[in-house]
Amino acid sequence: MDDARGSALLETRNLCRSFGGVSATRDVSIRLAPGELHAVIGPNGAGKSTLVNLLSGELAPSSGTVHLAGEDVTRLPVHARVKHGIARSFQRTNIFKDMTALENVRLAAQAVHATPGSLFRSAWRARDLVSRAQTALARAGLEDRSAAIAGTLSHGAQRQLEIAMTLATSPKVLLLDEPLAGMGQEEGLRISALLKALSKDHAILLIEHDMDFVFKVADWMTVLVEGAVLAEGTPDAVRTNAAVRRAYLGAQR
Amino acid sequence: MNEQTRLLPHSRLGWLLLAALLACLVAAPHFVSIYHTELITTAMIAAMLALSLQLLVGGTGLVSLGHGAFYGLAAYVVYLISPEAAARPIWQTLPAAMLVAGLAALLVGSLSLRTKGFFFLMVTLAFGQMIFFVFHDTKLGGGTDGAYLGKPLIQAFGASLDLPRRQRPLGPYYVALIQLTLMYVGLALLMRSLFGRILEGIRANEHRMRAIGFDTYRYKLTTFVIAGMLAGASGHMWAMHRGFVNPELISWHKSAEALLMILLGGLGSLAGPIVGALAYTALGEFSQLVTERKLLVEGLVILAVVLVLPRGLTGLARRRKAAELGPDG
Amino acid sequence: MNLLAQLLNGLQYGLLLFLIASGLTLVFGVLGVINLAHGSLFMVGAYLAYVIAKTTGALWLALPAGLIGGIMLGAGLERFLFRHFYHREHLDQVLLTFALILLFEEGRSFLLGNDFHSVPVPALFDFSIPVAPGFSYSAYRFFVIGCCLALGAALYLWIERTRMGAIIRAAAEKPEMVDVIGIDARRVHMVVFAIGTALAVIAGALAAPLYSVYPGIGDGFLIISFVVVVIGGLGSVSGAFWSALLIGMVDTLGKAYMPAVAGLAIYVLMAAVLLVRPSGLFGQRA
Amino acid sequence: MTHMTKGTLSRRKLIKGAAALTAATAVPTGWAIAQAKPLKVGLMLPYSGTFAQLGENITHAIEMVIAERNGKFGGREIQIIKLDDESKPELGPQNADRMVKRDNVDVLIGTVHSGVQLGIHKVVKESGTLCIVPNAGAVGVTRELCAKNVFRMSFSNWQPAYGMGLALGKRGVKKAAWITWDYAAGAESGAGFKEGLEKAGGQVVATLTLKFPETNFQPLLAQIPGLGVEAVGAFFAGGGAVQFVKEYAAAGIKVPLCGSGFLTEGVLGPQGAAAEGVETALHYGDGIDNLKNTAFRAAFKAKAGREADVYAVQGYDSAQLLVIGLEAVKGNMEDEAGLYKAMRAAKIDSPRGPVSLSPSQDVVHNIYLRKATGGLNKVTGIAAEALADPGTGCKV
């Protein structure tokens, strides 16, 4: 089954994490292939966000490893993982509210693309960073809002801005934590179109509660329950998996 | 309008006011007494200290209670490297003072920046007191009584500013003014640079900065060291001006005073600390004339500022302007 | 030979530090404010003992008076000042409490002057117990040790065995909790602040006969208490206990056996802890 | 802060009026103008903080001398300008600037705190303003830092402790310990104690110190029984001295305690029984039996409403020294050479006994041996007669 999906871009091996005596992640081994949109689902408290935090480097695992393109990145801190190509968005909108949309994204571009020698150049003259930022904004569908103060954008636009920020770091892997959270129908459609487009040239790990959406867009799914992998496979396989139905879907519907 | 740098004036009027302040300071010695000239020198030195701390507080969102230590340390460096009864040229004393202050900031910063919030406050305070005790409890710099420099003449390249006694205060005055101006310009450029944008990002949301790939610890440490060195420049000037060092220069009350100047002047601008330092010095001089209970006046003024004027004096000007221009101003 | 005496000194000093630091760490942990004026509260206690001893001659009255007065002072400060600063920036909290220091000092100067006063040891304990050849230990110091231990035990029981204690423990670990508990929050805040204040005031009252009272007495204790809290870990009362004892011992033994470096010893200790565990030896989070 | 007592203020008004009158009637020469102007005497002393009472006593004594001379020294009206230095060393230079540059005082009398003194010293050395030290004992002021316009009428930290050490040695003490705060005054006293004791054949075998102004004496006291010394000398002052003497007694240490006189000066009341029998050395004490002292004490009590102390004596002598100088030059401060010469040669009949000045312009006086008895520092003898600070390194 692994071979069918090609070589893994991002991979975890026996990842565990506990808080105090409570295990939030148990022995999770997942693979994320290039160009794949991989959704992680599970009931509340299943350890989805913990998993994202372990992948992005915000949390260190109790045991197990994280590999990116074959390289062990388990010990790398968050900012170093970004430079290796792992970018994430947050479940609760996490942007620089007092800055313009452009500046939000420009900062993200700067993190990865500014040379140390240019640090003391005037920020307004860093054309290359601005154009990268504009590209990322355009990709996320915000090209006409670049001058707006981020905090004044609509909720949906702020979610798009989150994604634009991750894009500006030229990631290989996108970790998207509930990008649809709190969105209306129309905004949701916009984002799902965006995700589909993005999945062509990025590996995406998606956490999402909206099941209709997930089953529609995902190439591959992992079901987490109580921190452990209950099942994985294509959406169709997961939909018909008896254990999943029992443990999760049945409970939801 | 698009990319404003937060700590700099947002309008032409702001820059004009700054220029007017500079012009006043340039001209002041010709209009006021020797005593008041020296008083303004003291205020400008305090302004440099507050300005250097503003890089941390207003610029990066780091509230340090150990900043005064680098200031005092630098003053002691001038004392320690000055030969008895002779002056060392300023191109030796200034870099030496800044270097030592910077190294101390590197050491203190590398440890204390591992912590956040209250911990950072307490740890910087504790390390600052440690430096205080080094000079307070050892004979290194005259112990509790302090010590004074034989000849704190400002001297460069063999030529010293040998003015007649009446005009002698002019030397330190203009040197301090030049340093203050350079420091302002330097910090303004820094805040406008890519580096400054990082600091602004850290101040606004450090967690997010790490998540988009910034090694925030490194940038904070760099900033901490720069601020420490600038505090060192200020302390150096104090030693040059007053020719006297005492452990109290290092104590955490000095840091608290500098924070107060920042708050008094306004947290949101680089000019704030300068205005705050001038106002604070004037307040000290004034309360000295009217009451014995100077601490009472100081305490009440702080309370008033914290409770009523959280954006400081420059914030007052800004607020008025915003009101004139309407909500989008 | 003198080691026993020095260990007793370390124990007594450390326990006194614990009383001050435990209040600080609770207020940090649960309320999320930094109180630089905590040292002034200690000063209030010390001067309270001085005034009571001078006017009534019965120093023991300082203990109940310190407890009640401390609780009232703390509740008042919380209600009228600190409550409005929970969500303000650190800088505002720092300056507010710095202003309080100045006002407490000025008030003390206004009411009681600036002289150094010694406070007599209560007659009941005014004798010495020989602990080493040619060296005796004041009975009052044993009394202070006992008092501190009793208060520490009461604090422990309160935090470990009561409902409010459970809330406090939870809040110190997860500050968001305080908002979640809703209606109770105000009461919890006030109680914690009042207890923290009372502990500092009592510590000052107990310390008065040992260290005398003088302007700025609280300042030195404040800084050391910070070191105790940093080493002990934010919001951890048991952390504050062990760390206070550690600091008391290191400081005392340092002064006795390595006076040249004693002043720096506790700061070096703090630096070492920060290197290895930035969140403190007993802390949950940084 | 600059504030004046009501008496001086009204006097000042009178003087102003008088000066205006003179100006209206004649066109005086420059010298005459200077004479007509009152002589400004700046008192930079602590009027708040721990040392406030010292500053007040010094001020009372100076005002006594002014009153004795009907408000005139060497024919010049005296105008007092007071400034509270708060005993804050970091403000020292700036406060001295206020006196010298803003208020343009002709003479600066100050101060109590040694750290503040250094700040004053710095300013007056540069401006050349005449300065008389009424208390601060920092030895540097009349040693390597000495200046021709700076005189001290109090003591040097070295003197009392030297006297104590000498007295111990003469009595046959071979081994003693020294205990003090780790700061300049403690170290300078310690040096005096050591020199005095060694001069008489004894030895200081241990020096114990703690941070200034900490009062956690226990770790030090616990070491004393193990040292095998015959005497413990100490330098503490104010409340620290109270605490120390009490804890020394409470610790049940058998070794006799002695020290520089400040150990029991002005604090015998709170020290109570613990101080009984403690021997100290100082340039003043209770029961100095001379007419001058009796008259001085009575007059001081009448003015200040409390007993005179060593600080009052120092203030009194400071003003007396100024009188001698100004009378020699008839109030003409411009005649610096004459002024300083007269002051250097001064022989003062002080409440503390005969007082003169050393070549480094420091006070030369008797150091008395005293024993604390029933709340008084009873003088039991003279530890060192006409003792002068060595003045090492001074080139006036």
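Residue numbering begins at 1 within each chain, and the chains themselves are lettered A, B, C and D in the order written.
FYI, a contact is a pair of C-beta atoms (placed from the backbone, for glycine too) under 8 Å apart; a residue touches a chain by one contact, two chains touch by 3 or more.
Note that the structure is a prediction, hence the values are computed from the model and not measured.
Chain centre most remote from that of chain A: D (centre = mean of CA atoms). Here B is the chain whose Cα centre lies closest to the centre of all protein Cα atoms. Mean C-alpha positions place chain A and chain B at a centre distance of 43 Å.
Centres computed as Cα averages put chain C at a distance of 39 Å from chain D.
Between chain A and chain C, the centres computed from C-alpha atoms are 47 Å apart.
A straight line joining the Cα centres of chain B and chain D is 37 Å long.
Shared interface positions of chain D, defined as residues touching 2 or more other chains, are 48, 211.
Contacts with at least two other chains are made by residues 133, 137 of chain B. Pairs of chains that satisfy the touch definition comprise A-B, B-C, B-D, C-D.
Touching chain B in their complex are the following residues of chain A: 56, 58, 77-80, 82-83, 87-88, 90, 94-100, 102-103, 106-108, 110-112, 114, 118-124, 126, 129, 147, 165-166, 168-169.
By the touch criterion given at the top, residues 2-3, 5, 189-190, 192-198, 200-201, 204-205, 207-216 of chain B touch chain A in their complex.
By the touch rule above, chain C contacts chain B in their complex via residues 28, 34, 36, 88-92, 94-96, 98-103, 105-106, 109-110, 223, 226-227, 229-230, 234, 263-264, 267, 270-271, 274-275, 278-279, 286. Within the complex formed with chain D, the chain B residues making contact are 33-36, 38-39, 42, 133, 136-137, 139, 142-148, 242-244, 246, 248-249, 288-289, 291-292, 294. Listed in rising order, the residues of chain D touching chain C in the complex are 48-50, 52-53, 208-211, 213-216, 218-226, 238-240, 242-243, 246-247, 250-254, 270-272.
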